[in-house]
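A short write-up of the structure that comes next.
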């Protein structure tokens, strides 16, 4: 029983991390219908920059803020210089560009910081606690706390602020939003800022949680998060979150309990294809 | 021709065959596929297994390889085409990962160690090596190009073009979207299967990692960079994408970065491909050659 | 009275709570031009989409030439001899004007997998396609890329495509919209000629003068329901119709 609880808690932690990484991707897709694979590049940059600032200043808060700033710039740069000019082409054109960006960033990180795995030995100022005899480390608590905080903040922004209203309008129908005086392009850029900032936080959190920062850390999330936004329902941010949590739990429990010969990463895609067979608009997507 | 160049040319020729198949799916019928490497792999593994386990020759196995790959393409194509266009890219990525995982994890396919000891292709007891094998690949490439050319001239191809341009309008003139998308998928994957068989007998050792997602990206890049929907685009793309990393080899550590940056620049500034409409290359060619499109 | 060519009975289409089409019934006789009128949002294009198979009805039946067609796929319905144009034009942009029509000429081959392997660029086919282009006045532009054409020509291209497909019934969705004076007259003449060839035409039209002058009968929809049906003179005098139109002064398409 204790093992089960431990696995469950780990699963939720994993799922929360997936949710944080997927969140930015879901936001971007919702507003621009672009599969922003390069989001994983932003996430990787977030981890590296966060580690750099932490080593320079010793403060996790400064590291987070600095990383978020850098990633926001990177995200907007990608949007303005690569995606926006390619909007009128079929969707696989920006997709290839996005993949090229991801590969280039991986290489840049490797050349600048080295191919080895760096450690991120930061202490997260969150409490430990015990649940049913299982010790929950401060790192895991941090994951829960930060994910909940980010989701909460995002929910407040999208439902209670004018900005959020503009974002929802633009993602439903950009032409109409434009006609109503909303500066759609600005909204798109703001979405990238928010998404990239969240990616930065996710990158730092993952770096600390697994104590690993390395150039190709974005490779698996790049594609797994794609599967997650499909399962959750393309364009649905809550759906992506739910899908992430479910996948995190499924992966951890299945690996812990069952002896499935397929690797974890294929699981996400199998789940995705299964979902598409059953309900082609995803969990919370709309037709 | 030096051994190194022959090897490079052979790989390029095989890639061109597979990329032409992808061009049928993406360029002719307008369906995105980011999992084409999976079918390349299915062809290769089928050929490898038939050669090593059942002792079949390349020639005997070839029809079987092509049909089997096309059949799997049909099976995987059916669910893929039921989804919306945006989903299709992701679904095909998923196919790539799943197929690779299957090859990697089941003993039947040799697991992580792959399959080795694949014999060379023989023509009347003469084993084809080096330049001879290259000629064989080029011959197959010529056949594939001829098939693609014929496809553009027959009603099936016209139906695919209409589908690519405007699916609703195509349906209104009698084109069944599902049927013709599947047709393109089957033809494209069959060509990939052919390439896979050639690859298996060339490398003589294959493993799941040879057919992973990055290869699908390369293949799509070949099609897009060369000129999507054109006849010669995939060949040009295969040459460029095959040659560029070698050209950059002197840069040693920086070569991958150069290559991916160049890919990004090409896609960003010439999204229609080098042979695509309005591309810089075409405009230059238009001045030199008398009318008509390559 | 001969059997109607197209018979629609109790047709409804609901999108969630919105009843876009609600219990509509009408029919079209052979060799008849029927106008489908109504203010914006009345459900006219939805009716077209139901007839041509783009949507499946929530309720009701559609019968063409005696057989039920509701629920059939669009490409199957096209094969039965129903051609259509689209309100928002959908040319095959990268193909030439001639190739657009040639694509439509394949209507009888596409359903049979054995028939799609022959060449399409034959002199005979090109002749037929050019003939259709001549009827709509686009023969001179046969080699032009369709995506480069202005709207008026694109509408004519749509009609040429629909003619290639429609051997019995033509559905024209706002085909007069965006045309100049002379073009309108030419199109009116063309539609009368099409009727003369034995086809029926169902057209959605906002231009009142055209609708009244061209159509044999009219059906007026409003908010998804049928308001009136009959000859132009009868419908014009119908009180409910007048109120529906004058009550919404938005689209003033008085000739």
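Every chain is named by a letter (A, B and C) in the order it is written, and numbering of its residues begins at 1.
Throughout what follows, a residue touches a chain if its C-beta (ideal position, glycine included) is under 8 Å from a C-beta of that chain, and two chains touch if they have at least 3 such contacts.
Since the structure is predicted, the reported quantities are computational estimates derived from the model, not experimental observations.
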Measuring centre to centre with C-alpha atoms, which chain is farthest from chain C? A
Based on Cα centres, what is the most central chain? B
Interchain centroid distance [CA atoms averaged], chain A/chain C, Å: 48
Distance between chain centroids, defined by C-alpha means - chain A, chain B (Å): 32
At what distance in angstrom does the C-alpha mean of chain C lie from that of chain B? 42
Which positions in chain B are in touch with at least two other chains? none
Contact footprint of chain C on chain B as seen in their complex: 153-156, 158-159, 161-162, 165-166, 168-177, 179-180, 229, 277
Hey, which residues of chain C end up touching chain B in the complex? 52-54, 73-76, 78-79, 83-84, 86, 90-95, 99, 102-104, 106-111, 113, 115-121, 161-162, 164-165
So in the complex, which bits of chain A are touching chain B? 33, 35, 81-82, 85-86, 89-93, 95-97, 99-101, 103-104, 107-108, 111, 223, 226-227, 230, 234, 261-263, 265-266, 269-270, 272-273, 276-277, 280
Across the complex, what residues on chain B touch chain A? 26, 30, 32, 34, 79, 82-87, 89-91, 93-95, 97-98, 100-102, 104-106, 213, 217, 220-221, 224, 253-254, 256-257, 260-261, 263-264, 267-268, 271-272
